[in-house]
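Should a chain be cited, it is by its letter among A, B, C, D and E, assigned in written order, with residues numbered from 1 in that chain.
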């Protein structure tokens, strides 16, 4: 994949020209026109060319070099620097994680993708298909990118919800075992990670919606509220999954504890019942010369009967007390 | 059920005309007059007709197409878009869940029902029966709808409270078992769900009560405070039920643990007592040729007596220590 | 008890006339004069007479019909509607619960008691005994009522504190049992209930103290701060009791667990010791024809001595490891 | 100890006269001069004399009569009423608790000590030794008193820290026992109590530092920030101790559970091994006439060898699985 | 190491002179010039010289004498006093803790190092290497110091993360043992300590970024936001580690509990199976004269077969129920 994925000039919502990075510096600067640059893991030189073209703040560019930033929005005067963590379901429902940095300001939007962050070609295509909206300018592009990132989290959250429902079923059908414990742990960990990626977007959207934000047009503000609403929904879903897991784990632990108690109580009760014939038989197994009972004709059946009676009585008693 | 349940013009609190959707566009627009449209799972075309008639915001209409939104209030200039989750007790005390979307603005209120959301015919009838209040206009209709939705949650909350009281009784009478665990889990889950539906209404009402809300008349504000108060009451009831459940589960677990300890201790104590005759009898059951005790006349009763004494002493000792 | 307990006109802090409800409408309205009406579970007609006399807001009156409101303060213009939950210790230290609704505005205070809410005759008497304070007017009466309600909670909170101390003693002396579990549950439940009744009063007092409150004179504000301080003290006492209970329950559970471990370990150790003679004696109890040891003269004492030695060694070993 | 411990007039930071309470009313009132009165558990008459001399608010005086107030700062116009809970380490590292009420306003500071609140003679001596600071006036005295009270909490917090470290050592060296449980409980309780006494001081200092506070000079504000900083440090130490205790208790519980599991598993494993010879020997101890093995010359050693082999195999197996 | 590590005058971002402490008082005071003093555990005299040279606030100097302050930023007019807790990984990945106090104001920055706080020579070198930035003045130096302190925490947080991953692996591979418990405890303790050192820096940076801060230039504000961002990242990493630990401990406890249940259930089941031959054999080991079975030719094999059948049936039953 090339480092410069795309670099085009838009006027009144229509793509009017494709530039190379070197032409960026001398791009036409008309009102209502802006450049949208898409980069993929750019090297230092590329980034530096872009920085000079749009006069990006050095601290923002420093951050853009390094991946593994925390999601954040930083405002340098009229210019915005955005770090987004991206995730989408890849093959076998595995999460693929990436990171996107966005620089935006009067006349330009630059996206920088790291890792498995999905391509914004789709976003660009959708925007170009709706020139009426795209002519709003940079703020609409910004909205489209954040919206795309958040929408990719929705299937992930649903996937986590399905996994939690499986745990729930295992618990309620009392078939939860060692694997369930590991699954709960992995789910908790994933929820934490996704939450950390999405929660900051709620605040970002709020800051972009503020009336004093120079870059965002009042007509576009409802769109950022929409993004915020989606982010909140993802987070609420996650919190819901987390709370369900907690409740399911509590229930599972209660079941485990009850089952263990049951088994031990039963085994203990049977051991106690069986200890009776052993003890009595042991006594009549002693080798004393003078043991009158041993001489009695009905000694043996009497003892066996006594043993049986005691065992049956114990069995009933334990049964009644719910020990068996 | 038809998609358009109702579509009427009101003037000074009285119904003056019934319209079809197509007549909506050319409805008379006088001050003090408004249209109240009731839709039920409308198709795209119907919604689009309504959208054009009242000039609804595209983002709001997009949300209205999809069910399973989170409850929210969004303001587009003077126009309001409301998502409410509804629930009422159906047959066999089963919750029936639905969703209602409300569009409201100068001159119109549109309700869109999804799922088992109960009909607003009752609300309409009540409003029409009180023209003095209905002549306040759209804000009063808005209040009536939200109030109706929240009031339907009250019996649900009471039903959850009854279920929690049952759990409490089972715990305190120490008859809680496997079924109780499942019931607690289901209750916790329901409480979470209802909470998520009702909590956002508190904030909605607060925003509708704000002095700068263009749609709500100062005289109607106390009514929204009333709605807010009801919503808070539902939530407080739920929180109360949740806290009681937590306390009951703690108590139940303590009982379970104590009972288990008791049973195991008793079984263990009996096994220990019975091990004594077994061991002693085993010794006198050995086949050594030279075992002087076996020849003694009173050997047998002495040993049996010794065994009995040891067992009684152990029994008393265990009893005293509370092990039996 | 009559529905209208009292209905008197006050001027400059002194009771100047007693009225019937029907005379209320034509009461003299002078500055510095106000009517104080005390009702007890009034019927619809009585409430309606009062409503007309003082022009009470219909939503407030609707609430006053129904008992079991949550504590709240609602302001309708210059008029205030207050719901208070009351509680006092009755016979046998049982809580008696009630509810009081207060309407207050320029020239009137109306109290409506429900359930076991204690009579405000005492408050009235105290107020009448201090004309210098009572001449402040309606706000002072309002203060006196709320103060009385909160002061009644103090002995209740102390009673809960005593009960928690009992639990603490049982736990620390390791005599906590099944009854303690039930007591902890009941205490937790009562604390939740009392908390829910008192916490809203803190906010009520804060709202009555606000400089823009039209009904409360600046000189009376410190009195409402005093009420607030008392309410906070009750709540802090409750929170303290709750935290102590939690700590005591933790300690109790640790003790329970330790005791259970001790007992099971001891019983298990004794069983293990006793299994040795049983096993060895079992072997010499076998009926093989060729068992040379059985023929030896010192076979028997040797085996018994061996058994004793093994048992003593095991006993010492277990003792050393702290298992016995 | 006399009720009036001290009563002196200060001018420009120097003590210029000692008064009796009766002379207070006619004290000279010059700017830059103030009276500092120290009382110890005063009777009603004494307090009333002071109240009249400085025109104290009746609600504040009412509070000062009663001990066991919660810590608070109340402002009556320019006058301040302060309740502080005091504590210091007495003999044998026992906490001695007290309470100090402070009235302060233009021209006066009155301290009222209850219980084991330590004497402010030291504070007075320190202030008098620094006339350059004392000439700031009442606000500096106020600072000195609160600072003294908070500084006395420092050794207390360190003492709790030491106790927690002891618990930590017992837990990590796995020697924690019953006494540790009781110690943890007592520590938790003390932490709660000290926290409740110190936390309100943070807010008090914040309120005294506010620019609109009429009594506190801008130059003295950093001193109150210093007091606030000390109070925060005490609270942070306490929270730290509490968190450490929680972590130590968790670790201790895990150890306890592991040890118990170990012991029970071992005892169980030994019992299972010993059950084998018992069962086999039992079989050859049966008295059947036709048991060919009993007649075999090598029957006995074969059986004993078999038993030994089984036991050794079991022992190795259990060992391998970590059960022994 | 000398007490005065460095003491230089900077003009327009370049070091123009080195001074002794005694020359400080008569240093040239030109706009755009400032002095940067680096002290290491200074004695009282040195600090006092510096205090007089820059007119430092006595309360700040009092704090600087004592180590073990909590991290804080205090503003005295235009002057700032900063307490930072420092930590870096030393040999063997051991944390080395220190403390740095910074005094800053118009024309000076003074750093005071205590304990193992790493030298700021590196910071000074970096600053001197970037005169374009250093000419911003005192605020840039302040930024460089705080940034250096926070950056040193990053490897520490990663080290804790590695340790937590080890715990996680031990838990998931079910090899967690006593050492894991101790490790979790130590990790929790370290996280608490590092958190307490770093969290206050977030607030410090926020306060330094405020528009009304007299010392910080608007161009330098983004740098403090960068510091804040780094501090937040450290804290988020720590919180993440803590949450992972909690989840891992929960999973570990569940495994421990399951394993223990398994073992006890198996041992119990085997004991129950073995109790059957013991009991039956005991009966036929009795010495009654009349026991017809003993005379039967196939008595012995019948009994042995019966025992075997019972044992096999029990074994299968237990197997089926998952007890074995």
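Everything below uses one rule, namely that a contact is a pair of C-beta atoms (placed from the backbone, for glycine too) under 8 Å apart; a residue touches a chain by one contact, two chains touch by 3 or more.
If you want to know which protein each chain is, UniProt gives these names: A, B, C, D, E = Magnesium transport protein CorA.
Since the model is a prediction, treat every value here as computed from it, not as a measurement.
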For chain E, the least number of touch steps when starting out from chain A: 1
Classification of the chain A:chain B interface as same or different, half of numbers criterion: different
Euclidean distance of C-alpha centroids - chain C vs chain E, Å: 40
Where chain C and chain D are represented by their mean Cα positions, the distance between them in whole Å: 25
For chain A, residues contacting two or more additional chains: 264, 268, 271, 275, 278, 282, 285-287, 291
Interface residues, chain D side, partner chain E - complex: 171-172, 174, 222-223, 225-226, 229, 232-233, 236, 240, 243-244, 247-248, 250-251, 254-255, 257-258, 261, 264-265, 268-269, 271-272, 275-276, 278-280, 282-283, 285-291, 323
Sites on chain B touched by chain A in the complex: 57, 59, 70, 72, 74, 76, 177-178, 181-182, 184-185, 188-189, 192, 196, 249, 253, 256, 260, 263-264, 267-268, 270-271, 274-275, 277-278, 281-282, 284-287, 291, 293-300, 303-304, 307
